[in-house]
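Okay, got some structures for you below.
In what comes next, chain A is part of two complexes: it sits with chain B in the first one and with chain C in the second one.
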Partner chain A sequence: MAAESETRKKVEGFFDKDDHTNNWAVLVCTSRFWFNYRHIANTMSMYRTVKRMGIPDSHIILMLADDVACNPRNSYPATVFDHPRKTTDLYGDNVEVDYRGYEVTVENFIRLLTGRVSADTPRNKRLLTDAKSNVFIYMTGHGGEDFLKFQDSEEINSYDIANAFEQMWEKQRYREILFVIDTCQANTMFSKFYSPNILSIGSSAKGENSYSYFHDYDLGVSVIDRFTYYNLEFFEKVDMASKKTMEDLVSVYNVSLLRSHPGVRTDLFGRRLADTYLTDFFGSVQNIELTAEAFPIGQPESL
Partner chain B sequence: MMPGQVDVGFGSHGHMEAMRQMDPAMHMEGDKRAEHVQRVFESLGLDCEIQRFGSSNSVDKGLRGNNVHGVLRAPRSDAVEALVIAASWETKNGTNANAVRLLAGLAKYAAEQVYWAKDLVFLVTDSGERGTEEWLRAYHGEGGMLQVRSGLIQAALALDLPPAHSYGGISLHFEGRSGQLPNLDFLNIIKHVARQERLPAVVHALPDMPRSSSIMEKYLRSARLLLRQVRAQAVGSTVGVHAPFLRYGIDALTVVGMERADGRASNLVSVGRTVEATLRSLNNLLERFHQSFFFYLLSSDKKFISIGNYVPAVAMLAAALLFHAMHLWWFQGPDSARSETPGDRIARINTYHQFLRSSLPGSAASFVRVHVMGAILFAVPFVVPKVVLTDSTATGYVFTMFVASVTLILHLADSMWSPHMVSDWRQLKALAAVYVAWVVACLSVMNFSLAIAVFVVAGMPLIFTRFKDKPSRAHRACAVAMLVAFSPAVVLSAARYLLDCEMADLSRSLFRLFLKDYSFFGSAVYPLICLVYWPVNMLCMVIAMMP
Partner chain C sequence: MPLPAKLRAVFQRRSDPKTLISVHSERLVVLVSILIVCLLGLPLWWTTTRVYRADLPTDQISRFTPTETLEIPLVFYIDSGSGSDSPLSPHSLSEIEKKATKLIDAQRPSYASNEWPVRYRPVVRHGSAPDIAGHYTLRVHTAKPGAPTSVEFSVGRSASVAVPSKRSATDTLAALISEIIAKEQSETRQSDSRALKYSPEYAITFTLLNEDPINGVTVDWDIEAAVDAYIKPFADMLHPLTKLSITSQVLHDAGPPPIKPVKSENQTILTPDMLTYFVNSPSWNLASTDPISPMLNFILYVPSLQSQPMNIMRKDNRLQTNAFLVSQWGGVAIANLPEQTSHPGSHIVLSRSQLQNYMGIFISQLRELIGIRKTIPLNSHPDSADSMDKITVHQATSTGISSWELDYLLRQWLINTRLNAITTLQSLTQLTESMQNMVVMDEIKTKVDESLNQLNSISHALYPKTNHLQACIHAARASSLAEDAFFDPSMVSLLYFPDQH
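Entry: the complex of A and B
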């Protein structure tokens, strides 16, 4: 009996550990139109990164408000590049866009987060998270103080997102959230959050613009934003085995290079940044606990 | 619109070769020339059609011409939107062969690209604005549809390159026939990309001032620039091939190459590259121009005056006339109607009404009479065969003066034969002032410059026509002399020297020119002269002569 209770303790101890068991990523580009190429490229770059770090397509919700790859103005049809060198085609041959074009609306986004989708919504358009999910949410587009424009026709405000997160928390739809936003006056967007376990990073302070980085003179558009570019520059050097922490990521932000003041909000987040691995959000790394003795699975009686 | 954010590619050997293909057409005429242009366009892969048109209008019978257009289909887009690049063989700067050659080169270049979101339509016409107008009518289905069509035209760029090996800059002309303007963004795009090609772009061919010039010189240049715009907007007769597009709500302008022998000059390729970069920027257009201003006056190449700032000026002019009219209306009639003695209020009102009853019909009759005369003048060219009413300058004026004299005589006879009729010059002047104020105010919302012009030629003389009850003979003579100086006959003769008269059309009388503009382009100047300006001028003469 003693052995059994010890086993149970062990098992419970393993599952009780306050760790996440699954990772999700929600990547949102809210801008339409050819001249917003860079926002699509931002999002596609992030998509490529989280996929490379191990999050499968089934756990990535990719929302793209426009299709620049197939825009007639694109002189490189069916491609999206984030660098004028054009070495990496972000569009590739394995891209799963879950919400596209006019499906990218404020309503759909909030429904996705809170899980209040209609019964006939396919699985790829649902955020099937639970209380053990770490969710990475990346948003980019044109924004202002306390709002982010969707589709040139509507906008989401910071209160909407804050309330949606609170609802997610109440419904046990996440364990931790990493909220990253690249837009003008981005830091205002997470200023209204009040739910626990949310780490937020924004590209620019209130009253500041977020600027683009590369301009491509073949395409005639800018292909990436500064904040996303410098994030990616950091990520390109890490892989899913990396022990880099959020502290390392935040420390590379350079105000003179970004030309804006990125913001990091940690007061809602339970852990220290130095203790938070990048892979907690960006990779799909499951906790594997190695035990000295074999752990039997099956009927306790057979012990 | 993102102007100038792409690398330009025009100028390769192949493009030059395509331009040379057009050369034989320069020595051809009429149908053969059109067919050659068609052959060249077709060899470049464009869908082509020749439109042959002839005039059936009584005003300019016998005018014939050919339009050739080629449509380059956007490779990966639906054909719902189009951009037009147009050139006419003949312009007021002489032959425009360079522009037609450049069109062939640009067509060659454009056909090599994959990024067009809109169809490109290359249009070569052989009778300037007339040809463009005929083409636009057919394109929009008026009087027979073109077979080779594309989508909605969003913007049009006309090229006018006088024969030269090199150009020192380009000049932008953008006013429409009735003062319509393209969106200011269009101008800004061209200025921006031209600067990148080191091809200075100026407005209305007014050379830029050196940086060191004094404030006074800059001020004078601004004034000249504004005057040129007001002239072009008000008269609308010296504009380029782009003008008909504006009537169809299509943003359009003409790029005129400016020759410069000295200093740094650029060849045709720079102009081509400027057009290429402009097209590339227009290609980014979504639905239509909407960002910038549609009503503006440019005070320099880089500065503009918005409608909110200049419309109050013309509103104040109209208001001045209205106040003048109110003042006159108050002082009309016998003095007894304005007696200040208390107690005789009823008698005063009765006197006043008596006066109005007996004087208003006379004033109204004067009004109607001058307008009937105006209407006759207006209708004559459409009724009388062209052979009778020749193109000679004098005809219109002689006719005008004749009718004017008849009216005056009629009026004087009127007042002699019916002595019981009461009349007061103040009443007539007040009514005329209200009338002019009304016309100016209405025009100001459509065509600011024309409103100003009407005020200057009709409103201003009216104000100065008469101040006193019993003017001396000298006063009357002065007034009449002033009115003659401001009469349509004199003003139109003088204006000939103010307008750019290089165009073949302009060697004839302005009266006939406006008549043609009206009959073909629907310009408002001719009806305004016949139905407002001239009647008001006659009315002023009547006021000056009244007892």
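Entry: the complex of A and C
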């Protein structure tokens, strides 16, 4: 009796989202020292958002140049707050920091993006993206025109980042990039990009500063920056099944509240903002296909 | 006074205006010494501060262009057996080859100018195929009167063809060969978004997730025996090209999935759109320790007793397998425990035979994730083939992959890794040419040279002696060497005086 193999047609339930199969996030805080608490809080709030929306730790590279949660000056040890009311502990109990302290350097950042890490780098420190990955890159710290300061000792240039993205494009290491930067004169950092499919958002224009928001009198430092705070406020109302678009996000930016002019660069980006869902970058995308039947493994062959 | 006189004579000679050289002698000495310093010093400075750049064979690399078509021959051996009715003559063999080639070329998809074209072509011979990838035997015999023209593909590299009469077999065989090849040729053109790219190693993890052990049962499984029995034969078939590293874990207290299934009368229901969020729980640790191999996760999820049975419903019908695949990530199967044995507090161990069905689901998902498309070599739906009335394809129930499917996979990997090697090498040369400040070490040159060697060996492995496995091995090596060279840590050009800083 021949084992008739019936046609295994694709079962309905295959959701194909335009050739995009995974999301990654690279969150970089470049400042150290206690008084830069707010930069670490910025990055941690983005981390929390991205995890809440569904990206797993294995797809998040978190780079923190300093540890404020366990800083001896922190009167609320093992916590990082973004508001003086201390309602949300950003640090939580499920944090995975991939690059910490002095490992956050310009060289490591460029190596991470271009994939040229040394052979003994563990998996959580590698950006294992491919041609179908959307990458969300967030940077915060002290910056100026065309540069961003790392660790108070070196700088990264906007040309360096532009070149790194070009190398990523050459080797098909991304499908689309969302680049968000919260520093002084942030918009200059994305002015030199030239690779396709990059959407950039910056907190302030050339010649402007980005300002911090709440000042916490218990901790003695500012706990969050304005731009990141308003982004966070927007995201707290969004969950992983949301259908909101980038247009919705960008339209909440209020110049008088931010006290700076945020910039959005869309000329390199192929789609309209109103057609780009937040979940395209912030959520976790899973293309599902129902399995119609099991393979008859181990059953007697009937030849 | 001899000394002053002598001195005066020297100065007089010095200030003798007769020769230009003597007038400007000091200046000349200075000028000549500056010139000597410059002439010697400039090259010295240049060579000592020059970046070391090994010579890459850029012209050889640029020779690969999309104008050259990759020709892949498939060799079919017609075995008409012994018997008095005319065995196929050499003339009819070449006729079959010509007809099949014509039919295949007619159906060949068109390639744009920047795409890398591939052309499959048949080679038809007499006899029996050797056990080499790319060689297939078609055993022709006369069908019983009234029986349909049929073909039965076996698990090995052979098929049995029943024709009404051997004399008229040439047209049927040509059509059959052309259908097999044309189908693969058109599928090569379409990209498969479910499958992972080729990698020399895959890290596969089997995870048993128990949602709620506290109010329910504790579970365990005899995974080692199950993997040995059902997955290892599959891994062995793929062994020459890729290694499947298999690990397993049990998460005893996984907690509920991020999405709440809908409770119905005596079951809980998951609909397909809920499944996209099923796997995202932060408390399910599905990380891999391997630094670079692509990961495939297969999850066997045991819902809490209150939620059992948990069923996936598709349009009011229960999905029989209760399993789904996640593109480029892995698969999930839901294990509803039998009611009789599962009361709170009991400890359930899934034995190897109980795991057989789930392993079958995982194998089916693994096949798709590796890149084995369905219906190889032909769709067994009777209407799909013009040449045959009945098509039977035997499935390899002992290994999980038949030789026809393995060869298909080898050819897909050959095409893709060859293309990857070429584009990586071309990106590498473009990069080194555009950044003249970048150091190019000797090891990179060695890898690039070796990668080129492997690329050039591909055509030797395809013609005149066809061995698809060997060709694929060359292509895979070329690709991995090219990537090693491209991603070498020394290729980051951060000098202390780059131009833009």
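We take it that the second predicted complex is superposed on the first by the 268 of 303 C-alpha atoms of A that agree within 3 Å, B and C clash if a C-alpha of one lies under 4 Å from a C-alpha of the other, contacts with A are read in each partner's own complex, and residues count from 1 in each chain.
Following the convention adopted for this analysis, contacts are C-beta pairs under 8 Å (C-beta built on N, C-alpha and C of every residue); 3 or more make two chains touch, one makes a residue touch a chain.
If you're wondering where the values come from, they're calculated on a predicted model, not measured in any experiment.
In the superposition on chain A, A:Gly101 contacts neither chain B nor chain C. Of the two partner chains placed by the overlay, neither chain B nor chain C lies in contact with A:Gly207. Number of chain A residues touched is higher for C, counting chain B against chain C. Once the two complexes are overlaid on the shared chain, A:His215 sits against chain B while remaining clear of chain C. Look at A:Trp34: by the touch rule set out above, it reaches chain B but stays clear of chain C. Using the contact criterion defined above for the overlaid structures, shared-chain residue A:Pro77 touches chain B, although it does not reach chain C. In the superposition on chain A, none of the residues of chain A is touched both by chain B in one structure and by chain C in the other.
Across the interface of their complex, chain A is touched by residues 152, 154-155, 191, 193-194, 197, 229-230, 258, 272-273, 275-280, 282-283, 286-292, 294, 312, 314-315, 319-321, 323-329, 331, 333, 356-361, 363-365, 367-368, 374-375, 379-381, 392-398, 400, 424, 427, 430-431, 486-489, 491-492, 494, 500-501 of chain C.
Only residues 2, 5-7, 74-77, 113-117, 280, 283-284, 286 of chain B touch chain A when the two sit together in their complex. Within the complex formed with chain B, the residues of chain A that make contact are 33-35, 70-75, 77, 215, 217-221. Per the touch definition, chain A reaches chain C in the complex via residues 2-8, 11-13, 15-16, 19, 21-22, 51, 54, 56-58, 94, 106-107, 110-111, 114-124, 126, 128, 130, 132, 157, 159-160, 167, 170-171, 240-241, 284-303.
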